[in-house]
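What follows is a pair of complexes built around chain A, which joins chain B in one and chain C in the other.
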Partner chain A sequence: MVELAMGIMLGLCGVGAGIALIAGIGPGIGEGQAVAAACEAIGRQPEAKSDVTSTMIMGCAIAETTGLYGLIIGILLIFVAPGIFSGVLKETVLALK
Partner chain B sequence: MTEFKGEKGARSSPASRGDAPMTRDSRFRLVDGLLIALMAAPLLCCLALKVLFTPESEGVDISGAMIYLTVPGFPLQDLVITESQINSWAIMLSILGLCLYLTHGLTEKGGTKRQLIAEWIVEKCEGLVSANMGERFAGYEYLIAAIMALSALSSLSCLIGLFAPTGDVNVTAGWAILVFALVTYTKLQGGFLNYLKGFTEPIPVFTPMNFISEFSLPVSMAFRHYGNVMSGAVISALIGAALRGLSKTLLGWIPVIGQIPLLQIGLPAILSIYFDVFSGLMQAFIFAMLTMLNVSGSFPQEAWEKRQERKAIRKQRAALAKA
Partner chain C sequence: MAKLDPVVRKETAYAATWVAALSLVMEAVFLILKRWSGAVLAGNLIGAGAAVGNYLLLGITVAKAAGGPPEKVAMKVRSSMTARMLGQAVICAAAVGILKTNVYATILPLLFPRIGIAFRPMIDRKRGKTAETDQTAEAEGSDLLD
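The block that comes next holds the complex of A and B.
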């Protein structure tokens, strides 16, 4: 029984991490659009290349944040959550006995 | 900076006239050597601590900062001294050594390489701050330069094998709280009532949302920096482990060479150029940039002017009443 509970817990942690990483879609699209707009701008005004590039990298890094939230949740679910949950599970089993 | 330079030059010139040239030169070199030692010694001490404390392990090892010491008897919980605390203090000492080394022997004429580098750094920081924050915030360049140097060198410290302190959320959260305090201080320049009124804009229904957005600033700043550095470290560790396993399965049957993880040579270094060097420097720049933009953007210009006017009127009245 404990093994089954452990297995369900670990599996759901993995599924949760996978779902959390759906957050990567948004920044991907956003950064793609930002780079496309920057390319257009450089094509129109090649002399402003350095300014456009630095602003674009800055904006990309900020747009990345939402994706990183998902990534952090995913990493927590894989590396941290199983330890906590298995500790809780063991305590409950001991209390039941 | 210019005042400091002039003072230093004025102080060093009479002393240099009194001494013989050889002893002055050798003393200068001795101080230089000591400063270089101050730069290198803390990092070496951290490496030694890490080597002493790391447990032996096989396979994938992804963990946060190691705990060196636990001091019991504190009210909320035991005080833990972790690797990231020690490392960031060591990096601070190292930066102090670097600054002292760069500004050692400044002259008004200039000419030495390190003086050129120091002046270039100061000029760049002043230019960046005055371009992004405006005249009012002159003096913030020291804070911005300190944040940038600490963040960049913390992220780069994983190149010599240390645990990067920015890969620990507590460190970046500390910096983000500092930025939050600065932003609140800047907002309070327009008066406390004006600060409270800012929460009810544009209509009073938005107050809870304004509260949330107020506290999302430090959270997003802390997690942005931490997430970038930590994810780079995790991906590097995973790729290293995968390459080790691959070389064991592919080349494990060869008697002697099979014991060496040949595939692990080279490829992680290329990845580290992006994950450690580029990403670390980028995040340092972004953290400093966001600090500047948030602090300068939160200054209530109109309310501040009104408040100054009111203060001036009050002073006049007080002076009249005294007279």
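The block that comes next holds the complex of A and C.
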């Protein structure tokens, strides 16, 4: 029974990590659109290229952070959560006995 | 190797400075909590390297894309972001899973460039004010000389 519970828990951690990584899709689309718009701006005003590029890099880095949050949660769910949950599970089983 | 765009170099240097400073703070926190070990240092180095590398690659992609046709640029940036994100995930997972580095010390530096960017407007404002003050002082000085 404990093995089954452990298996379900590990599986759910993996599923959770996969769902968390879906967060990486949105920023990619947003970043693409932002850079495309910035390219149009550079096309209109080539003399402002360095300013636009600088702002664009910062904007992209900010947009990417949401994806990074998902990545971090995914890594925590894979490497940290199973240890914590199995500890809790073992303690619960011992307490029930 | 192609020469780096000065804007990209400047932005990466800024991010790298913040990553280095915040990494030191993080190491200090681990030391204070008496949890410091080689695994923390290794994780920090790998995480910081991944964060700065990601920022540099982002800058190179954006600088190269600038000026191209918008549809192609959007596609290029999107695929670059996916590749960079996957790269970071692989590096962090390999560091934690294979090299057994500290999980928190490995993944926290990934967010350090973002913290640096959050402080950017404040620093720019201060610099702007300083530049304005210098200009005013110079102007006043030249007036006095006249």
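The rule we apply is simple: the second predicted complex is superposed on the first by the 97 of 97 C-alpha atoms of A that agree within 3 Å, B and C clash if a C-alpha of one lies under 4 Å from a C-alpha of the other, contacts with A are read in each partner's own complex, and residues count from 1 in each chain.
Methods note: a contact is a pair of C-beta atoms (placed from the backbone, for glycine too) under 8 Å apart; a residue touches a chain by one contact, two chains touch by 3 or more.
Quantities reported herein were computed from a predicted structural model and do not represent experimental measurements.
**Student:** Taking chain A as the common reference, can chain B and chain C both be placed on it without clashing, or not? Answer clash or fit.
**Tutor:** The answer is clash.
**Student:** For A:Gly18 in the superposed arrangement: first (chain B), second (chain C), both or neither?
**Tutor:** Neither partner.
**Student:** Quick check on the superposed pair: does A:Gly87 touch chain B, chain C, both, or neither? Answer first, second, both or neither.
**Tutor:** Neither partner.
**Student:** Decide which partner touches more residues of chain A, taking chain B and chain C as the two options.
**Tutor:** After superposing on chain A, more of chain A is contacted by C.
**Student:** By the touch definition at the top of the document, which applies to A:Gly7: first (chain B), second (chain C), both, or neither?
**Tutor:** In the superposition, A:Gly7 touches no partner, neither chain B nor chain C.
**Student:** Regarding the shared-chain residue A:Ile75, is it in contact with chain B (first), chain C (second), both, or neither?
**Tutor:** So A:Ile75 meets both chain B and chain C here.
**Student:** Which holds for A:Met58: it touches chain B only (first), chain C only (second), both, or neither?
**Tutor:** It touches chain B and chain C both.
**Student:** Once the structures are superposed on A, label A:Lys49 by its partner contacts, choosing first (chain B), second (chain C), both or neither.
**Tutor:** second
**Student:** In the overlaid three-chain picture, which partner chain does A:Glu40 touch, first (chain B) or second (chain C), both, or neither?
**Tutor:** Second partner only.
**Student:** Just one of 23-31, 59-67 or 77-85 in chain C runs into chain B once the structures are overlaid; which is it?
**Tutor:** Once both complexes are placed on chain A, chain C clashes with chain B in 23-31.
**Student:** Show which residues of chain A both chain B and chain C reach, each in its own complex.
**Tutor:** 57-58, 61-62, 64-65, 68, 71-72, 75, 79
**Student:** For chain C, which residues are in contact with chain A within the complex?
**Tutor:** 5-8, 10-11, 15, 54-55, 58-59, 62-63, 65-71, 73-75, 77-78, 81-82, 85, 88-89, 92-93, 96-97, 103, 107, 110-111, 113-114, 117, 120
**Student:** Spell out the part of chain A that touches chain C in their complex, as residue ranges.
**Tutor:** Where chain A meets chain C, its residues are 21, 24, 27-29, 31-33, 35-40, 42-43, 46, 49-50, 52-54, 56-58, 60-62, 64-65, 67-68, 71-72, 74-76, 78-80.
**Student:** Mind listing the chain B positions that touch chain A in their complex?
**Tutor:** 62, 220, 223-224, 226-228, 230-231, 234, 282-283, 285-286, 289-290
**Student:** Mind listing the chain A positions that touch chain B in their complex?
**Tutor:** 57-58, 61-62, 64-65, 68-69, 71-72, 75, 79
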